[in-house]
Amino acid sequence: SFRVKCYRSNLDEPKPFPPLPQHPPVAELPQRVYADYSVYTRMGVLTLTPKPPQFDAKASGAFSVSREGYMLLQFAPSISTEEPIYDWNQKQVFSLSVTEMGTLISLGAMDSWEFFRKTANAKSGIEVRKVLKVEPLLDITGHSFSLSVYKKPVDKEEIEERLYLPVTRADLAVLRSIFNYIMPYLLGWNAFASTIKPEVYNQVNRTNRL
Amino acid sequence: SFRVKCYRSNLDEPKPFPPLPQHPPVAELPQRVYADYSVYTRMGVLTLTPKPPQFDAKASGAFSVSREGYMLLQFAPSISTEEPIYDWNQKQVFSLSVTEMGTLISLGAMDSWEFFRKTANAKSGIEVRKVLKVEPLLDITGHSFSLSVYKKPVDKEEIEERLYLPVTRADLAVLRSIFNYIMPYLLGWNAFASTIKPEVYNQVNRTNRL
Amino acid sequence: SFRVKCYRSNLDEPKPFPPLPQHPPVAELPQRVYADYSVYTRMGVLTLTPKPPQFDAKASGAFSVSREGYMLLQFAPSISTEEPIYDWNQKQVFSLSVTEMGTLISLGAMDSWEFFRKTANAKSGIEVRKVLKVEPLLDITGHSFSLSVYKKPVDKEEIEERLYLPVTRADLAVLRSIFNYIMPYLLGWNAFASTIKPEVYNQVNRTNRL
Amino acid sequence: SFRVKCYRSNLDEPKPFPPLPQHPPVAELPQRVYADYSVYTRMGVLTLTPKPPQFDAKASGAFSVSREGYMLLQFAPSISTEEPIYDWNQKQVFSLSVTEMGTLISLGAMDSWEFFRKTANAKSGIEVRKVLKVEPLLDITGHSFSLSVYKKPVDKEEIEERLYLPVTRADLAVLRSIFNYIMPYLLGWNAFASTIKPEVYNQVNRTNRL
């Protein structure tokens, strides 16, 4: 983001980006990067996308975290038993809070857990319940993720959609690693941590400023 | 802190990005960010806030850590059995050193630990003892954090205030993750680590400077 | 890459620090750094080199990961039983995906795993199969890494080359640590994480830009 | 280090550093920071100090790690049984390689390990052997670190100096955490990792530069 503001003095110039002709005159606005991780199984795919926290500026100029980040889980079923073709039109989503990520990380090889959601759409009146069940696979090679979505339109029967994915121990290890990595960021602790510098927290600054 | 300096040379220019009217042009002083993590339970809330280390400048211009950072624990009881309403007027605090954070991290599912503090207020003569007991919950779904604060005014009976929080295994997993993350920062190791760059530690610089 | 631009505006000034005569003024192009980790054993050496992900620029100026990074494993046998002399002419390579790194990380002390590869060279018609077997050592002091490479020229017998390395538990602990460290980078999550800053994700920016 | 070079344009000004009058005109030379971690016991103190790797500049301008960093262990005995007074004149040192740090990290609660060193001083002819033994404490509350240093002057008897420290499980957890943190830095992997940016590794740059 630094470079941006220095560039500002060039505001009258056209800044075509991209394409980047040679040496990219980097992002005008703070750079945005999208990263995720997909677990591909014969039954479907699970894509995990971290979502950033929000910060609030205080009157003092300091910032504090106003909303924790979270992990968006997107499930899509496979529509072929032969080869993995995933139907994103049937996708279902489920968001995990940082604490729920902690639940997943601390799940032992033989442990199970259920995550619940319940929402109601004020306009349509449709009630939606979601249950994400994480259970050990029978052959203990990992855990199954099964997501059930129940929709109940007003005066109608409840409809259930279900997605089932067998996730290997290896993929769970990757999840554990990237969850461990990203959790402090989703809590904004990295923003605090990045202020820990000798030139900020030393005797001289302390006497002057704290 | 750097950006500031760029801004300054451009001060006469219009700065259309971003229009932050409320708070001062960011970081005239080095940016401050407040981050914490709260464990909400039916009995009360526990808020953890990391506190930075302090550095000293040496005559050589190098810095060293003069005081380790720590983790501030703030406990507040719930004043309703129906819904979680927390009374921060009854809050109690307890600070964990990095080594004590290590104790918490390494606590097995069936392990217990007690942390002690004892201080005396020179003026009022009130002696304060604190005991933070961390024990496995009976149903093994996590650990309880119970904080007892004993205050003994001169020539009076000791008064005890007690706070009890059941903390789930999931929350302990989050604590383990963010403690692991923040401990090197509280020790200032990140400040050392951030100097490990090819342009600093290479053959050329070594012969010239070490 | 930023420093460059500052340097340029000052190009006419003397730049007494540091005097790096041999190599070009650092990072005209973005800096490249090569890092690896070698496991030395009496039977041979295993060198692990992380390979970066690739990013794609979107029309919006945002970036997304277009190809995950991976870990290149290079095996070379020892050609002496007396002292460790490694013959890199006989080297064999094997690349681990992030998920396969997860497999290695989550391997218990008594667990085994096999990784497979199969490729065919269109021109020469040579089929190459590779099997990397990771198994507990008999004395449980670590795991063996044995790599078998099968090459089958057209109309000829298959040739097998085999490399065997006993890797200690200590080295596996280092691998676990550096894999854990590097996996989020190979997935590009660090690039996302580095955008999590108060000045990017706050109320003011949100209303203006999201 | 960046700020420095921008400051360069002020080269004609005196740059008194330190003392830092208000807002430190940061390091003329790349900043140096010293960080360590001390384990205090009734028998003595163990101070751990990470030592950086060295990089080599290649003809291409890229850097590679030429020497791994390591962990310096300094032991000093307590000279009082009443209170902890440490005698640094009797200190002994022992350096752990990254692989040996892996050994310590992976040591189970009931495991032991011995680290060896042997050097000879060419001038004095004194042979020095060192053995660092790490063993579970009898009450399983941690591990003991005992360092034996054997010095053998030419034609004389070997002299043994011994230091013994009981290190708690909590301190071992801190060591595990900071070792895990610092190992990738000591191997220079952070320098590689810090180059993983969308603006470096993308389609455009790849076609132009790889």
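Structure notes:
For reference, chains read A, B, C and D in written order, and residue numbers begin at 1 within each chain.
Rule of thumb we're sticking to: a contact is a pair of C-beta atoms (placed from the backbone, for glycine too) under 8 Å apart; a residue touches a chain by one contact, two chains touch by 3 or more.
Just so it is clear, the model here is predicted, and its values are computed rather than measured.
Interface comparison, B-C against C-D: more C-beta pairs in contact at C-D. Least-squares overlay of CA atoms from chain A onto chain B yields a rotation of 90° to the nearest 5. Centre-to-centre, using mean CA coordinates, chain C is 25 Å away from chain D.
Centroids of chain B and chain C (each the mean of its C-alpha atoms) stand 35 Å apart. Those residues of chain D in touch with two or more other chains are numbered 1-2, 6, 18, 20, 24, 28-29, 31, 33, 55, 57, 63, 180, 188, 191, 198-199, 202, 204-205. Only residues 1-3, 6, 17-18, 20, 24, 27-37, 50, 52-57, 63, 66, 69, 168-174, 177-178, 180-182, 185, 188, 190-191 of chain D touch chain B when the two sit together in their complex.
For chain A in complex with chain B, the residues that touch the partner chain are 1-2, 4-6, 8-9, 11, 29, 55, 57-65, 98-103, 105-106, 179-180, 183-184, 187-189, 191-206, 209.
Considering their complex, residues 18-23, 26, 31, 33, 198-199, 204-205, 208-209 of chain C touch chain B.
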